[in-house]
Amino acid sequence: MFFASDNTSGVAPQIMAALARANEGWQPGYGTEAAMTRVTALIREIFEAPGAAVCLVTTGTAANALALGLLTPPWGAVFCQTRAHIAEDECGAPEFYTHGAKLVLAGGDHGRIDPGALRAALAATGTGGVHGVQRGALSLTNVTEAGTVYTPAETAALAQLARDHGLPVHLDGARFANAVVATGASPADLTWRAGVDVLSFGGTKNGCMGVEAVVIFDPARAWEFELRRKRGGHLLSKHRYLSAQFEAYLTDGLWLDLAARANRAAARLAEGLARIPGVTQRHPVQANMMFPAWPAGTHERLRAMGAEYYQDDAGARLVTSWATSDEDIDRFLAAF
Amino acid sequence: MFFASDNTSGVAPQIMAALARANEGWQPGYGTEAAMTRVTALIREIFEAPGAAVCLVTTGTAANALALGLLTPPWGAVFCQTRAHIAEDECGAPEFYTHGAKLVLAGGDHGRIDPGALRAALAATGTGGVHGVQRGALSLTNVTEAGTVYTPAETAALAQLARDHGLPVHLDGARFANAVVATGASPADLTWRAGVDVLSFGGTKNGCMGVEAVVIFDPARAWEFELRRKRGGHLLSKHRYLSAQFEAYLTDGLWLDLAARANRAAARLAEGLARIPGVTQRHPVQANMMFPAWPAGTHERLRAMGAEYYQDDAGARLVTSWATSDEDIDRFLAAF
Amino acid sequence: MFFASDNTSGVAPQIMAALARANEGWQPGYGTEAAMTRVTALIREIFEAPGAAVCLVTTGTAANALALGLLTPPWGAVFCQTRAHIAEDECGAPEFYTHGAKLVLAGGDHGRIDPGALRAALAATGTGGVHGVQRGALSLTNVTEAGTVYTPAETAALAQLARDHGLPVHLDGARFANAVVATGASPADLTWRAGVDVLSFGGTKNGCMGVEAVVIFDPARAWEFELRRKRGGHLLSKHRYLSAQFEAYLTDGLWLDLAARANRAAARLAEGLARIPGVTQRHPVQANMMFPAWPAGTHERLRAMGAEYYQDDAGARLVTSWATSDEDIDRFLAAF
Amino acid sequence: MFFASDNTSGVAPQIMAALARANEGWQPGYGTEAAMTRVTALIREIFEAPGAAVCLVTTGTAANALALGLLTPPWGAVFCQTRAHIAEDECGAPEFYTHGAKLVLAGGDHGRIDPGALRAALAATGTGGVHGVQRGALSLTNVTEAGTVYTPAETAALAQLARDHGLPVHLDGARFANAVVATGASPADLTWRAGVDVLSFGGTKNGCMGVEAVVIFDPARAWEFELRRKRGGHLLSKHRYLSAQFEAYLTDGLWLDLAARANRAAARLAEGLARIPGVTQRHPVQANMMFPAWPAGTHERLRAMGAEYYQDDAGARLVTSWATSDEDIDRFLAAF
């Protein structure tokens, strides 16, 4: 009964197999291997973005922080949701990679940025001339930290507010596959067609071992990104093991299949919880993460049964993954 | 005939097997998995350093730059060899992670720092009061960039010069295993007993997929290192795949076996080259890397035969690895 | 009718005279001149802090940002009031000098940090282990941005909350003289006795030309501060013109006399405004700055009469200085 | 007998008078005062550069480091002379303001960069693809640290090498006035017509109290510079006292008169030394600084007579200023 995080699951067998295949023989490193060319081609096709540049790194924190470093100067403000991963869970990596940019928080329900809050934050920033920080970039997250998703239209509306102020847009897509599955939208509609400039496209949480693709829709910025990646120590020498993972991930729709399994598991779990008296959901369940609330004594019983998940003052966070079994879900529900 | 770099070879089968084993089930991440405790225990035992702290990262650049960030303030000078990897091949990662420390280069033959040159560099730095940068740290490399090694006594002599000025010592051991095999010295004698404070202990070039251990002999500094690692985006969520690699690497002396194979391959290659008229070595061959010189026309012939290696104005760099076969060596020699 | 800022006034005649005297002959620079020794001695005496170290810089932004760089690591959170100068008016200088620390805002009425809000901010920060930024330092401001003051007891209560978490305390005293006059408290009681570690002690707004003293109550930290100051380009070569200003400022209580004039001018202005129907004060008037509100049409009339001040949606900000004349105040009041 | 540095002299009377005049009344701050407009106009006229932007700061270190921050990315190499002030005397300020750029040293006689050495340094940098730092900017110094000057043609030849690689050019002109007087060249010929993009135009060493103008010949970069200046804490609130200094400095050729006095004093001193047996000059004397060598015992005698100057292993550094009197020079010469 493992609901602590999608990153506590293992690596999908197709990806393990790809790593084994990639292990044959000698290959040049640092992303010059042939597999990386194929990864770029796959991403361009999937995103309908023939010019996009792609760089692989091993963590979402690196992907996000490097992307923000690319998009905003040190004196820029990065607008993000109050509970965004970049604000709460990266130990200041965005500030490190941007050389000191300021995160400006915009609230909103259910992990989403409220357009009015963003409008107010934009209006209140950069108005002091040289005395205050300038507007820098907008960073969205889809799936959000509350487990909800943005539709293409919602993404575009927020991105447009940024664009109205000349700002570029970053999308933290650590769970991008789950968002694509949940919305049924095309990758292009959820990103560049909605105004996203750079995407952190997660693999790790969705069945990879440790790889995230940074998709830079304007290739003119790619070389600077590569320098930043190297300078950050994020250019792997045996890079073939990153490209092998991502190639397998994107082949035959594996990334969507894995995410669909995770989302279905969440739906099953949510449906089960809905039938249990006294259990409520604090946010709509739309992807593979949910935040139920239940009577105080419940935690103890669940823990005793071996359930693993994060707990907060108001309830729990349950995350499903491609590896979550129906048996685990049913055992968990039965524990109530 | 692959002599471009030890990082163009694959992953040793024992390590692939360990990754497969690590893939079973659900595990907590971020280094809290049980295997990481075993890695730390193994390193403490191998280094006879019961208090040492260990952190894993995926690249040597990250290991080095994070270590230097730990050891020197932004206004410190990092003393290193003229051709050190941190000076030439990391795109300024040390400057990034130290927030702007200055690398001060000390020359010496065959990739080693000459003690006199270090003494002079130390004497010339930090004498201008507040107007100049201060002495920060010493960074050594073993195996050096010229393929030579430092003995424990040589290491200790250089480290002592640093210590005389109150400076901590970093050792870039991207090829530390090869140095241990080449010198026959104990890991402790090559590191903390010789005055090394922090070691970048390489795995990637010697049969791992992508993992380096940063060994911090003074555990009081470990927490700060962990914060720096996270902030740099180098804390992997599915960390079990790093600890699995390193555990296998250290188990039953695999790390030494792999390095011994690489060093033996280099010896065989060097012996063969020594018998070829017109071929000379620019540096003593002591580990798994050599820098031969040969007549101008030779490169073309070797390339035509499919040999892969780095070439410079004065000759070639040939690197062997655990995977280098005798057949490849003999074919290469026959090509002359 | 100049109420835009205390920094739009000129330099007090005693300080101009000191600059003229300092201009005689040749003198060593960079703070090694004899006058700097006298400045340090004066500050030690005034603050009853025989071991304090003192460094002079030319701007409050430099004083604050350098102080915070000294007190917090890059991964630290600096707790400050929502509208603090370091948060709103320094274009990210604190983030620059700390190499990316995060400002965490704590609210409170009338420019003061509410102890409950600080307690909550402290409790909510640094609880995520290595994943979030750590608690770094507390930065207070006295006189606050709302023109109110902290008493020694209020300062001590907030500082104690910081100390309970092991945090050092910075005090932005750009208008410290006005706070001393307003509270009647001793400089020691308002600073180190209340738990302040480093004070930005302003001169510029209170009759100097451009000089702020950073008072470091723990002299063990002074050398690092000096390196940071030089590295920031804030060590003046002809430093005698800074020490001359500050020596005159501290001699015969000039700093208090000037602040008393500014505070008295504010009191006269506030009393006059209190008698005008429809004019209210948004914050208590305690030092030399006030935030009145008045009917919408009033601004136009005041501007037409030549009054200069900052205006916001809700009203005005009026600042008085040592140079504010009773005539100006009375003309201003008559304009209503 | 004060020859330690031109910054140990006082402020020229015309500039003190200008400060007194500037002290009248209330004025807006932060460079919005009317005098700053006049300073910009004067510089545009003197440099025949109608579009140039001008920012004032209080130290040469700030001027240089901010300029380099503007011109080079963090992964850029700044090419400069081996003994350049930015390399030796600024405690890493360039590294701080560039966020970690690397200074690459090019040698040459008498404080000048040898074109061949620069060509070699340029050729050796940025050739490693993403693995090494990239070429960033060229920084020249005129008057050089050895007291020599570059002619317009020499400046242009070096700048052209930089431009051939697409690099911008910075000129550290802490003693720019002395260089103009020494070469007889026009300010334009020594700067933008020779390929200089940004000039640090010194005032402090040449009779000002503490002000340097950063002249940005491409005004499109000015706004970014202003943000960097504020963020560095270098935007003075009572800015009128900077613009007053620089306006007086530029009015009626005062800056050239003061430099001519300093250069004449140096010539008188050098001529006298030339007549003293056993005294030689290590560098040509071309401006207001010289590096004589003399018998070992001489220092003691000179010090006993009260002479002040810097001493090194090989001899002395003597600097003259606008305030150096013939009497002092003659007394110094008589001491031999």
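First chain written, first letter: the chains are A, B, C and D, and each begins at residue 1.
Note that a contact is a pair of C-beta atoms (placed from the backbone, for glycine too) under 8 Å apart; a residue touches a chain by one contact, two chains touch by 3 or more.
By chain, with names taken from UniProt: A, B, C, D = L-threonine aldolase.
Computed from a predicted model, the values in this text were never measured in an experiment.
For subunit C (L-threonine aldolase), the chain with the farthest CA centroid is B. For chain pairs A-C and C-D, the one joined by more C-beta pairs in contact is C-D. Subunit C (L-threonine aldolase) and subunit D (L-threonine aldolase) have Cα centroids lying 33 Å from one another. With each centre defined as the average position of its C-alpha atoms, the distance from subunit A (L-threonine aldolase) to subunit D (L-threonine aldolase) rounds to 50 Å. Between the CA-based centres of subunit A (L-threonine aldolase) and subunit C (L-threonine aldolase) the separation comes to 42 Å, rounded to the whole angstrom. Taken residue by residue, subunit B (L-threonine aldolase) touches two or more other chains at 74-75, 90-92, 96, 99, 130-131, 227, 230-231, 235, whereas all remaining positions touch fewer. Across the complex, subunit C (L-threonine aldolase) meets subunit B (L-threonine aldolase) through its residues 30, 73-75, 99, 130-131, 134, 224, 226-231, 235.
Within the complex formed with subunit C (L-threonine aldolase), the subunit A (L-threonine aldolase) residues making contact are 74-75, 88-92, 95-96, 98-103, 128, 130-133. Residue ranges on subunit C (L-threonine aldolase) touching subunit D (L-threonine aldolase), taken from their complex, read 2, 4-5, 7-11, 16, 19-20, 23-29, 57-63, 65-66, 90-93, 96-97, 204-205, 209-210, 227, 230-238, 241, 308, 323.
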